[in-house]
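Look for subunit A in each of the two complexes below; its partner is subunit B in the first and subunit C in the second.
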Partner chain A sequence: MANPEKNFFAKFGEKCKDLWGKFIGLFKKSEAKAQAAAEGEACTEQCGMIGTELTKREKFSRFLKAEQGWLFVLPAIILLCIFTFYPIINAFIRAFQQNYNALTGNYNGWGFENFIRVLKGDTGTGGAKFVQCLVNTVIFTFISVPLSTLLALLISVALNSIKALQRAYQTILFLPYLTNSLAMGAVFATFFTIVGTKNHTDTIGIVNMIFFPNNPIDWMQGGTGYTWNLGAVKIPWTKYVVVIVYEIWSGLPFKILILFSSLQSVNKQYYDAAKIDGASKSTTLWKITTPLIMPMISYLIITGIMGGMKQYTAIVGLFGEQMGRDYDMGTMVGYIYSYVSNGQMGYAFAGSLLLFAIIMVITVINLRVSKKRVTF
Partner chain B sequence: MAELSTSLTKDIPETDFNVERERKKQKIGKIVKNVLVYFFLTLCAVLAFLPFYWMVVSSLITEPQYRSPVPTLFPDTFLWKNYELILTQTSTSGASFSQVLVNTLVVGGVSTILGVVVTIITAYALARMNFHGKNLLFTIMLATMMIPGELYTLTNYLTVSDLGWKDTYTVLILPFLVSVYYIYLLRNNFMQIPNSLYQAAKVDGLSDMGYLVKVMVPLTAPTLVSITLLKFIGTWNSYIWPRLVNKSSWQMITNWVTKGFTDNKFVIYDGIVKGVRYGSEPLTTLKMAAVCMVSLPLFILFIFCRKYIMKGVSKSGTKG
Partner chain C sequence: MKITIQDLTKKFPSRNKKGKEVVAVDNMNIEIPSGKLVGLLGPSGCGKSTSLFMLSGLEAPTSGKIFFDNQDVTTLAAERRGVGLVFQNYALYPHMTVEQNIMFPLTNMRLPKQEAKQRALEAAQLVQIEDLLARKPSELSGGQQQRVAIARALVKMPNVLLLDEPLSNLDARLRLQTREEIKRIQRETGITTVFVTHDQEEAMSICDIMVVMKLGVVQQIGDPQGIYDDPINMFVANFLGTPPINIFKGEIKCGKVYIGNEAIMDKNVPDQKIYVGIRPEGFIYNPNGVLTLNLDHVEVMGRDKTIVSVHAASEKPFIRSIIDSDVAIDKDATTLSFNVKPNKVFLFNAETEERIR
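So, the complex of A and B:
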């Protein structure tokens, strides 16, 4: 196999030119027709009036004036081409190259080997396991998103029903949004982490102190501050609880902000009508308020799921860069990055395409569902 | 109807309807409801705030205090030495606070300013100017928003390695300069400005550029402020990309905070406390001090720009 990286930039330039030609051809076909017709009319009119044909120079300056917009978008286009468009194409190519070596640019043959290895849980010289990461991500997302949305709804309704101190509560409840997930992840980790030495447990963590002072639970089972866990109860799923608690806490502010503002825009007449009909508070909440702000709720759930599928930094904050013990708390994005720095880019590319596919499926489901349900 | 009226006439004389009592009942119900609502909200607010409080308190106590079986919630003396230590010492990764702070401020400042300028001119061209292929370009740009960023981070990693950009500021600034979402947001804002203003400006002899700077930018100032703030916060919080491409002295403040902090020179704890040699072990109190240093600027920003941030967030729903 030839070395494709050597004259990579020359080739890339050619490719760009090629694409550009096609691109121009594409829109010229569709758009230029109408425009040309309109321009042609104007031109003949003008030309007729003046009675002379346009010189080349005039034509050129006219062209410049018409296409001036390209000059404005040029910086953005150049950057997007290098750092967005080309990488997308490249990812689709590289994912199908077998044994791609990032350092030399060599590979041997094409095929689905990367995908097969990824799905089989092959880790090469070390890294996360795909299926485990997928399962983790799904667990985190599909438990924390509905719970935090429901809680956000209750809080927003409560917030909407009070008058005094409304602003103050709103501000405090929004605070967790503006934080660094790595920093706050580390803070949450201290809530749950048992600290001590081989012979002596120093502190069992504030959560254990409050809820399980007598037989503390080993929540983290790994992670940065984690040392020893003398006599602590071990339950395999407790580390998931830690992540979900953090996810709910960090997911609430945005949801409250959105739901509260949409609650405030609900027409008060609906509530008056409900009152006259003798509806109870809970009936009003579930039969009137919720359906009215359903579009917002479904928007929050969808964006929450999308964001949840891409979570990574929170886990690093909670469990450190190894994401627990040997990536056992890994997420999809964590999976991808665990293969970047150790040179096994084939896994990373295949994993990123799989993540892309999953997000596309969610998007399509979202479009289907939102068409069906969220119309009034 | 007849049934209803008979039942009404039957019922009313039997119930001793007392207006005063009903009113009292309603009043009590209202008070109970209010108490419950305020209790619920206060509980939520406390839970939302607790991690911050814990973070600050833990950063101001000694490690033995932190590790004592009884949690210290209200420390009587503050140990500012934790801060002194982390601000002067290099972390286990080898980067010092001043270094990563300078990195973060330079990268944040430059990428925010450049990013906003590029966003403005691109959004302007897409909103106001006519050129061939505009709609196609815009569609392609919007389509990329569907694709998860990790997909192109991988290739970008290879690209910057090929270009020899590792361990520079360029590599932290350029790849994320253009945000399609902000262009989209600003374009929609620009579209809302009536066309008659443009014609009036043209009559007055303003150029396209002059119109953009003198009319459109001031009119969309709130959105621009939101974009600027969110972009800066996004850079402040960036973690993955700097870790991937740069070595620790070129990394950002979030990379610094994830490393452990030890008292390896025995500045605070000399020797052995309770059988633990605090010199080599990462200390939670030091880490909490570092976490505070990262979170503090965000809080200051929030206090002064609450309105813009909340508006920007409710519009975009991203951190930058």
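So, the complex of A and C:
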């Protein structure tokens, strides 16, 4: 069988050579032209055709200057090509190759086989289930992002209205941002975990101590009593609670930082005007303050949703590499990695393209909606 | 609604503990009759805006009292005083349309939407912006934004309308037009209106009552012409009038007022050092006049002419005297002599700068 890939690279190489040749040619030509121009100058002094010759030279030197720019951005372009553009293009190509072997580079034929397997919930020699991961990710994201944005807004408004210790509170609220998410996940896990055997528990975890001292729930384990079955998808809701609480909390610092600073940039006169107009505190918050900082809120929601769709490390931090029991807490990115690690690259490629498509659709919707809401 | 201000004082604490506190408004006493247009006038930093904000309830006074009619509103919150306030830079809510901006005070009063819309339309008609209701503030010119701000202040039918430097953000032509507009709106609505300005011409032209302030202290209260004709001290005389009053160093000897060694008029008061203020229109050209000035140049304005001259005793570099354009002046003369109109000459004590009557 002809190797189309080799063909592709050969073509690509030729194209590169061609481009490079043109590039080198530019310099060679410029030298030649300069020489010609010098000769021309000598000639024009005799012939008196100064006007046309000079403008031609000017045009050329301007053209050279414009083309010089490419030389300066070349290092960045090369790095981007190697580490960003090539992998993206590669993923698009490989996703349509069946049974691609990462070690040998062999595959048999083209088609949508990978996508069909992914969407059917096939796991090959083991890995996460696509629909489960998709549902998990969407639920985590669409519950935690709005909640944490709302909470961040309320905290920022409160922070903005106090004078004493404002800086200190600001610092404390920002601290989690500097903490490693794996470490945070591990610490969070201990809050929710029951440690010990059936007959003897060492600790029931701080959350159970506070809220359920008599009937402690093993939040991190879930289990049959704490799982809703919805056909192909299982919702282990105790684990969901842990993840959502974690994501709300870990999303707060950055959001507070952004919202607080945008609150401080709101002209105080609007508040005076609102007071004169007889607006209550809550009217001022929802009708004046929020719309005024809406551009920042929508920025936070869009980036928050994009970040939420890519959630992975926190889940590993909380539930380990298997992401719960048999990947039941898997996320979209988790899905991709679960197939990378066991060499079933086809699933990973197809999964990443699907994730790409989903994020793109969500972002487009987001931008459409926020354009309507953020105009003044 | 009648406004009474009693012993109103506002002090701002200094930034560091050792520094002195700043007295923005010192012991202000004013009585404003109902339905009048009152101008608070003074140079920047004289406490006029602070006074206005205390009237609105946005600033709490350090001491003293404010009454609307007979009700003590000193501690009443801004939203319960029933005042409309137009901010210097209008403070229109940028995310709301003009209509929503004007309706905002009404929705806060929980008025039915239909009625609120009707009243917003009426307010818009009053300031002639009814065809701009669907626009956003960013799509309006400065003058239009100002009208929206006034409509928003008027729509709740306030007892008192307050305007903070209402014309300062407008260009010269619009300023003239808008000040007439403010006068008209005030007349039509009959709302007691207080506005703040640093522009004496603006205040003189539309005020019923003018309050001249300096460094937090009220200098003089009265109708504009009254204050112009009878200033209480040198600051007030100096602040009102364009071109400003001419000030000379002088003295009173044996019942005569001397500038240099020329006696310009009689004044039966004890001998003392004084400042002599002469309004530009207080000069009468007369070759045998009592006051001799060294001519610098003549500015011809058409309707009248301004003679710019210098004098050793003058406090300002140039003396401006306005005379009729029919009067022939020898432009090449080095000195010119004038008589003065006694009612345009004000004498001030050299130390206290208070008026000598």
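Assorted remarks:
By definition in this document, the second predicted complex is superposed on the first by the 290 of 376 C-alpha atoms of A that agree within 3 Å, B and C clash if a C-alpha of one lies under 4 Å from a C-alpha of the other, contacts with A are read in each partner's own complex, and residues count from 1 in each chain.
In this text, contacts are C-beta pairs under 8 Å (C-beta built on N, C-alpha and C of every residue); 3 or more make two chains touch, one makes a residue touch a chain.
From a predicted model like this one, the values you see are computed outputs, not experimental measurements.
In the three-chain model built by superposing on subunit A, subunit B fits alongside subunit C with no clash.
By the touch criterion defined above, A:70 reaches subunit B but does not reach subunit C.
Counting the residues of subunit A that each partner touches, subunit B and subunit C differ, and the larger count belongs to B. Of the two partner chains placed around the shared chain by superposition, subunit B is the only one that A:333 touches, whereas subunit C remains out of contact. By the touch criterion stated above, A:270 is placed in contact with subunit C alone, subunit B being left untouched. Subunit B and subunit C never share a C-alpha pair closer than 5 Å once the two structures are laid over each other.
In the superposition on chain A, no subunit A position is in contact with subunit B in one complex as well as with subunit C in the other.
By the touch criterion given at the top, residues 267, 269-270, 272-280, 283, 287-288, 291-292, 294, 375-376 of subunit A touch subunit C in their complex. Taken together, the subunit A residues at the contact with subunit B in this complex read 5, 8-9, 23-24, 26-28, 31-32, 35, 66-70, 72-73, 75-77, 79-80, 82-88, 90-91, 94, 102, 154-155, 158-159, 161-162, 169, 171-184, 186-188, 190-191, 195-197, 199-200, 202-204, 206, 209, 224-225, 249, 252-254, 257-258, 261, 281, 303, 310, 312-313, 316-317, 320-321, 333, 336-337, 340-341, 345, 348-349, 352-353, 355-356, 359-360, 363. For subunit B in complex with subunit A, the touching residues are 33-34, 37-38, 40-41, 44-45, 47-49, 51-52, 54-55, 58, 66-69, 71, 118-119, 121-122, 124-126, 129-137, 140-141, 144, 146-159, 161-162, 174-178, 180, 183, 208, 233, 236-237, 239-240, 244, 254, 257-258, 260, 274-276, 282, 284, 287-288, 291, 294-295, 298-299, 301-302, 306, 309-310, 313-314, 317.
Those residues of subunit C whose C-beta lies close enough to touch subunit A in the complex are 56-58, 77-80, 83-85, 87, 89, 91, 93-96, 104-105, 108-109, 136-138, 152-153, 156.
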